[in-house]
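Each of the next two complexes has chain A plus one other chain: chain B in the first, chain C in the second.
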Partner chain A sequence: MSTAVTTGRRLAPQAGEVIDRRAPLSFRWDGKTYTGFVGDTIVSALVASGVDVFSRSFKYKRPRGVLSATFHDPGCTVQVGDEPNVRAAHRRLAAGMEVSPENVWPSLKFDVGAANQLLGRFLSSGFYYKTFIKPQRLWPAYQQILGRFAAGGVTAADAEHGYFDKRYIHVDVCVAGGGPAGMAAAVAAAESGASVLLVDEEYELGGHLRYGGDADLAALAELRAEVAVHESIEVMTNAAVTGRYDMNWIAVVQRQPGISVQGHAIHERLCKVRAGSLVVAAGLIERPYVFAGNDLPGVMLSTAVRRLVNLHAVRPGDNAVVFTANADGDACAQDLRRIGVGVTVVDARTDANIRRAEGGKRVKTVELADGRRVDCDLLVTAVGWTAATPLLNMAGDRPQYDATAARFFPTDRLAANVVVAGALAGDGSTSELVAHGAAAGATAAARAGHGSEVPAPALARVPHPELYRSTTHGIVDFSEDVSSKDMFSAKKEGYDSIELVKRYTTVTMGPSQGKLESANAVAIMAEAHGVSDFNEIGTTVWRPPYVPITLGALGGRGFENTRFSPMQPWHEQHNAKPLVAGDWIRPEHYGDPAAEVANVRRSVGIIDVTPLGKLDLRGPDVPKLLNLLYVNKWSRLPIGAVRYGVMCAEDGVVMDDGVTGRLGENHYIMTTTSSGAATVWEWTENWLQTEHPDWQIHVTPVTTGYASMNVAGPKSRELLGRVVSGVDLANDAFPYMHVRTATVADIAGCFMWRIGFTGELSYEIHVPAAYGLHVWEALFDAGFDLGVVPFGVEAQRIMRLEKGHFIVAQDTDGLTLGFGADLGWCIKLDKDDFAGKPELVWQSRRDDYQRLVGMQPVDPTIVPAEASQIVEGTKKIVGRVTSSRMSPTLGRSICLGFVEPRLATPGTIVTCQLPDRRRVPLKVIEGLAHFDPDGARMRI
Partner chain B sequence: MIQVPCPWCGPRNSMEFRAVGESKSRPDVSTTTPEQWRHYLYTKSNLADWVTETWYHRAGCRRYFAVERHTVTNDIRESRLPAAQLRRQSDSGS
Partner chain C sequence: MSGPPIAPIPVARSPIVATPPVEVVAGWEVSTHRSTAALRVSDLTWLCKVAVKADANGAFTARHPTTFGSARRLPGDLIEIGSDPGGWLTIGPVGDAAALVERLTDEVADAGEMVSVIDLTHGRALLRLTGPDSVGALAKLCAIDLADAVTPNLAAFRSSVGSLVTDVVRDDLVDGTLSYLLHCERSSGQHLFSCLVDAGAEYGIDIAGPPI
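Our next item is the complex of A and B:
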């Protein structure tokens, strides 16, 4: 292999390199132009160009360089264009990238010693709590200064809109981790006949084999080829399993999945996976060593060095000290020698150790435990591994520490549908890991119903020195700038459990979420407590998500319905103001709701009431159902008649109201409120399926099967006479509260009923939905000379308030029982049974509940805000305003609301407190209706 | 998200269903006392054990059914028709 250095720190071609030297890319970093290759990460391209420092640390503002050269590298978070918090040691370089440092106040190049002197002694654990909590009046000043310290990038107000998506995946086996064991597991599961999703965090499969030697690369090529021949394996790279939930509901976040929706590239996709089995082959994460200066740029993990050298052909330094406790550290030293770097090995297995590193913007000298000082610009540590157990935690396991192997291992508490593969279970050669993975894959497939289980060959637990902290204090959590000294102080201050120390010092709570630092945190806690068994300290429990997910991916693409009536195109042409009402978009008004009211009261108007819930009820037992659901009586409803009914829940609270009409011997149509349509249907089915399966009734929801329109006003009969055939509209032939089937504008199969929500003569017409727009337009054509105009929801609300008709959930709430809503006239306690009957019986014997009353402000120009309180004195609330409007018909303000029973007598003056604290008198009126209390106008 | 085995549609994500709650029998409204009725309305035994619950497949077959679920493990050992329907079937002797 060549040892020549080419330009800058870029090496001659390496056997396993992933860069494409024929494809150079130009990009900008901190205001200057740099060049890298396709396949470079942002960081590898910058290191190749001699850049050492990528950020300033969270609290102490110390310069930070490469530590792990992975997604989780705490010092390599940057801003790319208007995208904050990009993991630069992971994100692949793209042409023209505008990359800038984050969190670099005062600046990336500011003198290090100065920053540390300035900040270091102030920022111990709990400093914010202790120092800034008092006096409170100074908080705004503190906030301004502290704001400068805040981590993270910037979001631009004019940032480009991001596009995100979701995907649902059903597989037999999901494999988390695409190293040798994961790949082998996927292949074995596929060979058993299972469908497989193989997920890896990196851009390519292979895990640690990718940056290994020739034998590793050969094994990798073989495994990749085996994965590729199985069509039942879906490989998803640059993706991470972020959570495992009950019954293997698995969240996978897929970054830059290379798909687009409507011409927009998808930034991230959240995949929701249901898997029969989950194979956890997440492997090991190399952990840093705690010593003074361990966060200096130039102090790197052995795996970081091997990634830079072997994947990106970058020379990470010229003179290295390699502190190694294992074979991977030895391999790293070999790699460095191969590319011509001077190497001093400090072998932990011979009890040699390092004490501290010194330097400014880069490490310069390492002091060894024996007092020797070695000059270098690269200090490599290989002190052991953190088992990547988060997914096992989420599956119920609590891994146990093994002092001999110096890491945590899974126990047998795992759910049966989760199988561990590879290095998480023990140490082994590549072929041993592959064999272990294959057995795990076959077992996982068997547990998902394919083939039979294969016992996993045991993997050894190779002895490893327990190396966590040297004799000096250093950084434990690189994201949060928490040192071992901070953790010792926390112990002294009385924080004795790992969970408390975590919250107090914020150790393991930063963006890397403990992946690099949790084992060190536990070890240092154990040291502070003087205990040798880490299991006495315990670990903090890893929870989802394993890696950060953007809010965009979580929000994704919405799947909510939006519903429109068939008349929506007409509404849009006539400038209707849209109103969002649950799933529905409805016209709130067409410009002037007061004029719409006046027009209905004077001549005729039409409102689209399609969202009204409609249930078609058929069968001989329908009256039994109506008697059970409604508080009033239904046994003798004649064919052709319509009745108003109120439903209460089993707790006696008003639930819904509407009219039900009888169209034939065994045929009824029930209407519900627009918002209650789904609830009432479920309620109806609940009674029929669980209490009375013997009743002969069939319920069909027909809400969207009919377009519904209410033709209201004194001229409505005249208008309908021009378009309706087959029905005598005369008042005595088709009286108030009756229903007829009719042909309207040549459309047969319509039904219409005379009801009076607005208080006017009115007909509600229900038309087969496909003909809704046709009938609607025909009505306007026919009524042009009568002055017909459309009216919206707001005009209807005003008119029903003038009439004193309450709206469920507007004028009632979750505590309003039937009698409180002035429904005594229709609650029939002599019925054997109905929903909520016991509560209403008991309520009828009490007198302590607030009453719904009509109220009018004494000053007719004041319209109290809805939800204004009715008060007595300064401390007592005795009621509230539930509906309030200016009445165009009466020329005064009108209200509905609740008051205590002693204030419900007509003529009582109550006090209403407005939101601006003004108090105004309201007068309680007789009944609820402000206008036409006898209902004469509805019956003409 | 757990999976619920609908007796008609097979295993489906729980988001398709409404969890109605513990199955209870409704007291006789003509003789019930406030204590009994409110126990029926509001009290949940909340056992860490096998419980019988009612579920409604709102985004599927629109059927109510009974589920035997272990509240600690979320294991579901049986889903079947609601009690009233089973009674009716056994009453009719068919």
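Our next item is the complex of A and C:
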């Protein structure tokens, strides 16, 4: 390998480098322009340009630089354009990136918050809880002030919504971790005949081999080639297994998968994986050492240095102190020497130690345990590993600490469909890790039904010094600025459980979620307790997600069902204002709902009522079903007649209403409210399948099989006479509340019934849906000279209110029993049984329930807002307004609402409190109808 | 009748906006766009669809052994789907609904069994997704395992597709090309279609008119 140094901190080409020197990129950081290469991370490009500080710490605003050079690096979170909290030590550089530090004021270089360091003794754990508890009235002010100190970036309110994708994956084996063991496991599983998903957090497979020496790179090339030849292995890099749930339901978040859809780059993709087996080959995470000054820029983990040098060809410093307790630290020192960095090795295996680091925006001096001071600009620590066990914890395991190897290991409490591979299980050479991974992969495949299990070769537990904290205090949680001193203080305050200390100090609760901190936190708690066995302390519980996931990824694509009637194109062409009604888009009005009302009352109008629920009922026992579901009687409904019915739930609460018509001897059509269609279908099937499977009834939902339109107004008969054939529309031949099958505008198979929700002569026509637009247009063509115009939902609501027809769920609620909704006229308690009867019998014997009544404001110009309360005195609520409108027909305001029974007598004046607290009198009227109470207009 | 003339030619329309060029064929407004893309979605709503309900252990069932969760190809370009226990949906050529209803009704007319035969042509939107990447596209919308071992050719199931209750039938083409029929409530047809186009964009999906 070359040892030449190029300009700045960029090295000559390195054997394993991932940058493309032929592809330079320009980007901006903190207002200045920098360059890097394709393959650089934001941080590697900045380090190569001499930048040391990328953020300020959470509480003390201390300058922070590279620590681990991974996704989890707590000091390298930045803002990229509108995107906050970007992991700059992981995110690959892109041309034109606008990168800035987060939450610094006035600048990254000089942050006034750093004054907090002077107040550190007052900002210990629990500071917030103790200081801001009283007085309670200042909590909102505290919230405002403390909110300014919250970590994280900003999102502009008008930021473009990223494109987030979702995908379901079913595989035999999912391998979490693409290091040597993970790759070997994937290959072995594939060779057993299993389908495999191989997930790795980095942009390329290989784990630590990528930044290793020649032998590592050779092994890596071989493993990658083996993976590549197996089509049954899907490799997913820059992705993380974020959670393992029961039955190996596994969440994988794939970042920037490099796919564009309709011009939008997919930002993240949440993959929901169902795997037969899960191989956990997540490897080890190098842990920091706790000592004074351990968070200074220039203090790095050995793996961070090796990543910068070998992957990105970046020289991380000029004079290094390498504090090493293992071979990886030794290899790091070797790498540094190779690129010309002066190295002073402090070997922990000879009981040497470091005491503190000193410096400002970069480490300058290291004080060793023996008192010597060494000047340097880079302090490397290699003091051991944290086993990446979260997925094992999620699978039921509780890893145990082994003091000899100075790390946690899995136990045999794992679920059978979860297999451990590689360094999590022990130490070994590359070939030993590969062999272990291969056995794990074969076993995982076997447990998913492919091939046979292979016993895993034992991996040694190589002795390692227990190095967690020096003789000085330093940072334990770099994300939350929690020090070892804070943890000792917490112990002194009585927080003796690691879980309580976690919550009190917030240690391990930051964005890195304990990956760098948990082992040190346990060790320091053990030290504070004076115990040597970490298992007595235990660990905090690892829960999903393993890595932070954006809310966008969790929300995913917005696949929300939207339903349209066949006449929607016509509505759009005629400027209908869309109304979102559940899943449906309906015309609210076409410009002037009051005019639409007037036209219907005067002439004829047509409304699209396709969303009305429609059930096709067939069989000799349909009357039994109708008698069961409706509160009124159905045994004698003649063929050709329709009847209004109300359904109550078993608690007697009004559930739905509609009309049902009898088309033939054993053939009925039931309509429901638009929102109740699915509920009523389920209700019918529930009764038929569980209580009355012996009844001969077939129920088929046909809601959208028909386009439905209501032709209403005194001229509706004349209009229909022009397009309907096969039916005598005369009043005596086709009277009110009857149904006929007909041909409408040359479309056979239509049925029409004469009903009157608007209070006018009207016909509801149901047309085979594909011809809905044809019939709709034909009606308007035919009625042009009659002044036919469309009317929308708002006009319909006004007219039904004028007529006093209530709407379920608008004029009723979850407590409205049948009699309360003025339905006594149709509730037939003399029927043998029906849904809700016992409750309605009980209600009929009481007189204490509120009544639905018609009301009119004494001042006819005032329209009380719906849900306005009916009140007595200053505190007593005695009712509410459920519907209110200005009636174009009557020229005054009208209402429906509930009042206590003593106030329900016609003529009673009640008091309504408006939202602006004004009180206005309303007069209770006779019945519910404000207009045509006898229904004469419907029967002409 | 009197007054202005009504629209002279009834045209049936799918709930899915037809991709130009558009023609009226067999009384239906359909796209005649053709595509050779590897992944294609076609609106087949115009095909007739007839639902049957009968006793799961009765005479009709004996004559129609298509079990719940499977489908069967029948002469006359019909596909019979076991959609429920004691429930079937038969898909056939455009315009054949009335004849199919009559034939199915007559089959067991003398058996004394209650059988309901209902023309649902107008009540259901029907789509066909075709191509090797169909699984990839569907996997973005549907949680069901689409592997051969779980959902082989002529498997039928009901699931959420794009957050919509959808009936899915794997119905590979004669040459073995992977293909799925998807049908849902007519009013949600455009939603399902849009979901498939969205999900298939990653694979270069194209829209193709129905075979004519």
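Convention: the second predicted complex is superposed on the first by the 898 of 940 C-alpha atoms of A that agree within 3 Å, B and C clash if a C-alpha of one lies under 4 Å from a C-alpha of the other, contacts with A are read in each partner's own complex, and residues count from 1 in each chain.
The rule is short, and it goes like this: a residue touches a chain if its C-beta (ideal position, glycine included) is under 8 Å from a C-beta of that chain, and two chains touch if they have at least 3 such contacts.
Bear in mind the structure is a predicted one, so any value in this text is a computation, not a measurement.
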Examine A:D728 and indicate which partner it touches, taking first as chain B and second as chain C; both and neither are also allowed. neither
May I ask you to name which of chain B and chain C touches more residues of chain A? C
Once the structures are superposed on A, label A:D616 by its partner contacts, choosing first (chain B), second (chain C), both or neither. second
Name the contact category of A:S565: first (chain B only), second (chain C only), both, or neither. second
Determine, under the contact definition given at the top, whether A:M247 touches first (chain B), second (chain C), both, or neither. first
Looking at the overlay, what does A:E685 touch: chain B (first), chain C (second), both, or neither? first
Just checking: does A:G705 make contact with chain B only, chain C only, both, or neither of them? Give me first, second, both or neither. second
Partner chain in contact with A:E499 - chain B first, chain C second, else both or neither: neither
Taking the superposition as given, does A:R274 touch the first partner, chain B, the second, chain C, both, or neither? both
For chain A, give the residues common to its interface with chain B and its interface with chain C. 274
What residues of chain B sit close enough to touch chain A in their complex? 1-3, 13, 18, 20, 26-27, 29-30, 32, 34, 37, 40-41, 54, 56, 58, 62-64, 74, 82-85, 88
Taking the complex as given, what residues does chain A use to touch chain C? 165-170, 195, 259, 261-262, 266, 272, 274, 557, 559-566, 583-584, 610-611, 616, 618-620, 696, 698, 700, 702-706, 721-723, 725, 745-747, 768-774, 777-778, 781-786
Provide the residue numbers of chain A that touch chain B in the complex, in ascending order. 245-247, 249, 274, 650-651, 678, 682, 685-686, 689-694, 832-833, 837-839, 842
Touching chain A in the complex, chain C uses residues 1-7, 10-15, 28, 45-46, 51, 53, 114, 116, 118, 120-124, 139-147, 150, 162-164, 185-188, 190-191, 195, 198, 201-202
